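Two complexes follow with subunit A in common, the first pairing it with subunit B and the second with subunit C.
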Partner chain A sequence: MARRVTLRLGFEGELRDVVVTIPDDEPAPWQWGEKFSVVGVATPRLDGPLKATGRAPYTCDIQLPGMLYGAILRSPYPHARVRSVDLGAARRLAGVRAALERSGATIRFAGQEVAAVAAVSPEIARDALRLIKVEYAPMPFVVAMDEASRPDAPDVFESGGNVGSPHLNEIGNVAAGFETAAASVDAVYTTPVQTHVSLETHGAVASWNGDELTVWCSTQGIFGVRDDLAVHFSLPPENVRVITAYLGGGFGSKFGAGHEVIFAAELARMARAPVKLMLSRAEEHVATGNRPSSRQHVRIGAARDGALTALELEQHGSGGIGGGSGSAAPYLSLYRCPNLRTSEHNVNINAGPASPMRAPGWPQGCFALELAIDELARKLNLDRLEMRRRNNPSPVRALEFELGARAFRWEERARAPKARGPMRRGVGVASAVWHGIGASGPQAQCVAFRDGRVAVRIGTQDVGTGTRTIIAMVAAEELGLPLSSVIAEIGDTRYLFSLPSGGSMTAPSTTPAVRQAAAHLKGKLMRLAAPALGAEPEDLVISDGVVRVRAEPNRAMQFADLCRRISGDSLAADGEHVPNYGGYSMTQAGCQFAGVEVDIETGIVRVVDFVAVHDAGAIVDPLTARSQVNGGIIMGVGFALFEDRRLDPQTGLMVNPTMDDYKLPGVLDTPEIRAYFVEVANGITNTGVLGLGEAVHVAAAAAIGCAVADAIGAPVRDLPLTPDRVLAALGRV
Partner chain B sequence: MKRFAVIAPADLSAAARMLAEPNRSALAGGVDLLDLLKQELAAPDELVNLKALGGLDRIESESGGALRIGPLVTLHQLAASPAVRARHPALADAAAEAATPQLRNLATVGGNLAQRPRCWYFRNPAIVCLKKGGSKCYAVAGLNRYHAILGGGPSFIVNPSNLAPALVAYDATLTLHGPDGARKLAIAEFFTLPKADPRRENALIPGEIIAAIDVPAPPAGARSAYIEAREKQSFDWPLASAVAILAMNRAGEIEYARIVMGAVAPIPWRAPSAEKILHGARLDRAVADRAAQAALEGAAPLAHNAYKIPIARAMVRRAILRAGGIADETA
Partner chain C sequence: MSRRPRDRDIIEKIAVPADSAADGGGSTLSRRSFLKGAGAAAAAASLLGVSPAEADVSAPNPPLAGSAERLGPGPAAFNLRINGAARTVAAEPRVTLLGVLRDHLGLTGTKLVCDRGACGACTVHLDGAPVASCMMLAVDARGHEITTIEGLGAPDRMNALQNAFVSNDALQCGFCTPGITMALSAALGANPNPSPEEIKRAIAGNICRCGTYPHVIEAALAAAKAARGRA
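Showing the complex of A and B:
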């Protein structure tokens, strides 16, 4: 059943042999230095042309005969009891086919859903919303975290008390650690609420056929949506089909069936017609989740040589009416420190709930911790990179620091003159950790057809990272076929189960299942080919679409000819992601260097360039890997410089729920980005692929914050680093 | 968005008569109008399509350097026009810095001048503020980081037009075509302070259309510059902008100076005190500094926008230095 194999694991200069146990039917894991023909080749996304020309059908592109349009009425009050909802006039409007109210509603944030309608056009649906009469009893509210923490603040929930009990971590003796410190820093850092701003808003098209429900949905997890809908409507899961052919981003905000999906299905059932319900940009900002704010009181101490002796975090964060806001994780694992204490508190305010967002808690924690380390290094008169080297627990990152410093020219730039007229240049470096190792669960199917095509089918979804492309590449590699022969079919719960696309899990979780399915199909095909070639199946090899006898390469058969021997229409095989072998390392190290330029007369910051060095495991497609780095850093620029969900203290309304007032980095705000990968052979799965989505975002804002502090000679401890704050740090306001 | 019809006028007079009827809006580039419709701040029954009219999309230049700009000229046309660039570079630069390439291809000069303010309270359909007939300006006690530091009260919007400060500096005159004929108005009179009526930003009466923008040639030898500060470099409204026009006499003394700031007040904000300091002086960094200081004297910031004062000051100083040909260290 199982066999033991010896794998060469680690990274350049630090390779060692490790024995792991793997199932018999698992293909031999890809090895360090393995030669590939498809994997590792820079490959443009297979669906790129479809997306670029508008032909890729996203959820909002789905049109069904007789389809209605849904819209949601939302509360203008941040805290209110709904006394009554009168849908009568809305229902009577010509063209309205269904209306419903959210039962038992106490409103706890402005923008919370109150009612929904479906009509024959989006315009009529919106007209109908205006006809719904709602009687609200407004209640006192609080939208600022510091105010919510005061004892006399209005309670967000009836249970009272807006500040949750602390979540504690303690290692060693912090007080003793500070006593031995040669220098210490005691400062408060804050980060704002950031919203996901997926280019495609949340939404769904729901269609009933008897008690069978089909939902096209903008989701990161088709099976999660299926299960939520099955529970909500008391249906067996097989009666619910969820399709996500193309997805315009999620970043953690699109797990499960949100209220818009439930409403679409409810309205469709009431109206006996399909309903499309896509949220507007403003709804997206206020009601579909966010990265919580943080206020981080950091105390950190180190010995004269820079070795950390004590680190303490007192953190408050608000995910509105729900969602964990903790940011302690980087404090516990980024650097070595013998004496640690972290305390995290969730604070409720009358604002939309948080949801996971690209490395939950990490970018916030990393920003405060890395800035504090820079402040400490300055007190100790240590180079900031050297300070990090001395406390770095990861041999992989030690190599990354060297590669990155060389590429970035750290030694030279950290000492370079900073001034050119009113412009000041600065550099920063920050560390990242993630664990994009994936998980078991996914199953895949590979099917060869008589016409020589191969389909790989798996119930995953492409959140925008290139999943479709890398799945096809892995199957093509295993089957020895050109990529053009393989079609990847994803985004449908009719396919075998896969995990939600989050936690940097998609590539590491799906590729081993796809590879195993391809290996199993290859086994079946070799058994089909063996008699024709007069050889044993295990003596056959396949490459570039030709099956050959290993010892006599002239005895060969085209893959297409082999497929014509398939009886019936097709030959299929399944594969699964077996439990991780537990090979070399369960974490992935990274570091990022940022260069900035600050105009000290205006306080305007421009991020000039980035060097990112990351452990990516085995890289399937260098283009999509680099694309991940670009995306993670650009989102980090937004978090560092611009983005902030701003709530009006007078009305509780978000004042910037648009894409112009909620400022996102554009082309001219994007730095030059250079990505380098340390391909650590981790021996975790048969592909050794890691997920990059989060690793590449964790340190970006921190590196920018450190660079700005370097440029102007003073830390700006609050994100975003807007001109008012930069000018205040400079003493110019 | 409420349903509407698009109607095509035969000529300017017909357009003016159409627009004089209630619940009608002018459609030119449609950039701000589409925002207003989507945010339910405008709900016209009919849009009067000015693009149906010919001849309003041209830039005519006279031999002396004066310009006549049609209201349907796009920002891109303005930015790319050699005739504009020749004598009115601050106007060309102001157009080039606005919005995005896509928007500059659509947005018109008339629309840029008549667009509604960007104030996030005004733009929020759930808030009935002073500008929408409500009782208070929410910016006063609210989130006011982008609001006025000069000329505010009782409303604290800032004028959002990139072109307006340049056109004020160049002494442009607007031809306004109304149902009862045309009138001419100096552009400085076109923009109105909220003190007069907080619900409006300009002197247009119902039915009136900006039919032409006449920009005289600046004094002989004058040099001008436009500069703006944005938080984002891609697609953002300025935190502050400044236009400087300077002309020197043979002795090297400034004999003509115009300083106008944008994004700091409800109207394009001319700074006569800065002009006075420049007048008769020989330009150097110290003089530019003093003029910039003077330009912001009297600034009355709200709780969160005092930072705009040093930014506006930097813009004025840099515009003066650039117009005066003194090396700019930020380029």
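Showing the complex of A and C:
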């Protein structure tokens, strides 16, 4: 049965009543201005002590008795047929316990898997790889996107043609829109391939017990890995258990059972011993995914008052042999434009496949679009923030612009003199959209034990965002308990199903399921308490660990005493994420302001400060939420200034598969960051929590790009904004 | 490039004191001292619960004429002092200090990330100074006092810096955290009253992909303040 409830939705100054229909067993959704005792309080993450003392067991830390070490042999050729693989000498090496080859595969990128071994030490496993004899028949290859687009380029796949058919979007009439434009910009922007560089590489520890397989895996989705393994080994899913207690980063690259996971399980079965197979840093760069490149030809026009009249994108991008390089999404939703056309082409090259990376397609698209808007605003002699306000479709972002501009002192800084000796100062602003609204699927269980503690169990994983902490906070809030009474147990397929941790789905998808489970448990506990307190269950409330009769607060019982009345060992209840109610808003708006300093003698860019304003729905833990904002912006600094996967056109090899030649932002590259949240009651679920991980990343590189153009008076249209490009834009080289 | 001193910092970090081989602390290993060591190893093994396989070493190769030490290529037994205790390991001489800590001794708090001195995740203290344990052979750590993250504190008795890391949320996925903590604790030991700029210098060689740097700086300042308050 369903019931209708009225929710007060929106944000400060723009609230309205909306009626939504929810199932009967769904707890009443948290309301605008709800008073909480645990939720919303800055809370150190629960697993902090384990992480800070080196005791948190990541996949790479798992050690089992008799465990072997696996290693993978990879092709040095970017395109080849494997004629033969001779594992004999490797197998004969003392200490080697198993070896396998990947049969029948055509190599399409340098670094593709050819064979694997397991040995008693990582050193011997590497020795064994050197003893494997492989005969390759090299074939012509192409690793540069423009070259791959030519008609005479070598084909990456037999099916021929490296350029995929375009993916089109069209609204209105673009040609007519340009005719009415008072000014327009026509320019090409490019972004490089970025790799995830999770500090913990991909890998797994696999252990068989008869036909039961247990795999500790560095993954963002334990159930996906379980299902892939079950299919691969023709096992029922319940025979496969996947555990991810702690994960050293993923950023979108760790879904499903990759070759390394399958190999670990295969080798373990052959050797009849557990096998750990963790990739090296170079393998991680080359073979585990990346953010595809982009070449974006943008045409944009606006009327004299700044209102956009036409916007056109012709985009090419390469995700190696993987695809998925589109970057049109921001063009379709960031600003209002009546005449819009986007065309996305994926180009295959002989390079490792792309995989989702923190807001796939968005940082690329935002960079080009926002820089183009700045170029247009300059032509129209309009303030760049004003230009964005005129075309902004979101009332939430209108408020965010106002708050951000005040915090950043935009009016003053946008007009301040640029020069100070050889240094030039600039500011930029960019918009963000995300849709971290979650999805149905997750189920959670809450268990009360006789000792008064409560466990919340759910088969999700904490990728570093603080999932473990916020689900415990939500359960504690619902049950009226201090956080210290609640234990969160996650990262094991023995718990109820949850979704993979990607697409900013984890917080919005798990918290409603956890809250429902806690509410159901509370209902059972109230029925247990009612006779003892001589009241009806619905007349009871719990807060601060005490159960009371609502009308007579002195008739009370400690939660711990109540738990002693549990017969048997524990009392459990389940909950699920019911389909989103629809509510008020299904997107989340944000904006970011960046200040930079450019040395025009060296071309070096320094990002000085950032102001970020975001809608994250109800914030469960402001402390970990701030960490996410910092992380999203700092990763944007890397994308804007440093990161660039380079392939050698002569050999097809990655020339910088390290962490020194592939440059990542360090503490000295980190700006001062101020984060603000606009609380929006969205009426989507019973918690109204949104995901934040991607919302805070999409605009960061764009804001930096805009600020650099402002500082030096010329756009640098190619990422990363390296000194040579800055000097070239200045006409100095 | 002045803006990226990381590589240079790392090189300074991994530079082992030049006189370490001559300090008589067992850094040079003759056949005799090796055998002595092996005897101690067996004793230590039973005390420390090291598995017999770990301590069971095949006879070493005879030394080359004129050479003071000949190790390997097979496993050699040697002693290390780690977190105040003597540990005996049997490892091939090519195994890094990081490899011995993680794979031989189960001290997995120290992380392997870049394997070439570029990220700081494997930072441990060698006689109190931070070094990249991926860039050092375990046998070269003989005679030195090694401290790992496990030696700094435990979850129920964290030191001031670790406490500050937790309360300031200076960790997200937490994979860089042991290395950053080791780098900072050495820096705070040498300079109890650091400026934010000095804190940044101390961790300029540590990479955090989750981007926790702002909270790390806050944590370090808070820990330094707390320590001064106690002093």
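Methods note: the second predicted complex is superposed on the first by the 733 of 733 C-alpha atoms of A that agree within 3 Å, B and C clash if a C-alpha of one lies under 4 Å from a C-alpha of the other, contacts with A are read in each partner's own complex, and residues count from 1 in each chain.
Throughout what follows, a residue touches a chain if its C-beta (ideal position, glycine included) is under 8 Å from a C-beta of that chain, and two chains touch if they have at least 3 such contacts.
Owing to the predicted nature of the structure, the values given are computational and were not obtained by experimental measurement.
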item	value
Which superposed partner A:V655 touches (first subunit B, second subunit C, both, neither)	first
Touching partner for A:C60 - first (subunit B), second (subunit C), both, neither	second
Touched partner set for A:S198, first subunit B, second subunit C, both or neither	second
Touched partner set for A:R45, first subunit B, second subunit C, both or neither	second
First (subunit B), second (subunit C), both or neither touched by A:G666	both
First, second, both or neither for A:T722, with subunit B first and subunit C second	first
First, second, both or neither for A:I604, with subunit B first and subunit C second	both
Touched partner set for A:R646, first subunit B, second subunit C, both or neither	first
Greater subunit A contact set [subunit C / subunit B]	C
Subunit B versus subunit C as contact partner of A:V174, first or second or both or neither	neither
Contact residues of subunit A, present in both the subunit B and the subunit C interface	123, 604, 606, 658, 660, 663, 665-669
Touching residues (chain side subunit A, partner subunit B) in the complex	76, 110, 123, 126-127, 420-423, 599, 601-604, 606, 641-642, 646, 648-651, 653, 655-656, 658, 660-661, 663, 665-669, 722-724, 727-728, 732-733
Touching residues (chain side subunit A, partner subunit C) in the complex	44-45, 47-58, 60-61, 63, 69, 121-123, 196-200, 246-249, 251, 278, 280-281, 463-466, 604, 606, 623-624, 626-628, 630-635, 658-660, 663-670, 672-673
Subunit A partner contacts - residues on subunit B that touch it in the complex	1-3, 100, 118, 120-121, 123-124, 126-127, 138, 141-143, 145, 229-237, 239, 304-307, 309-311, 313-315, 329-330
Residue ranges of subunit C touching subunit A (in the complex, touch as defined)	1, 3-7, 92, 94-95, 99, 102-103, 106-119, 121, 148-150, 152-156, 158, 162-163, 165-167, 169, 171-178, 181, 200, 203-217
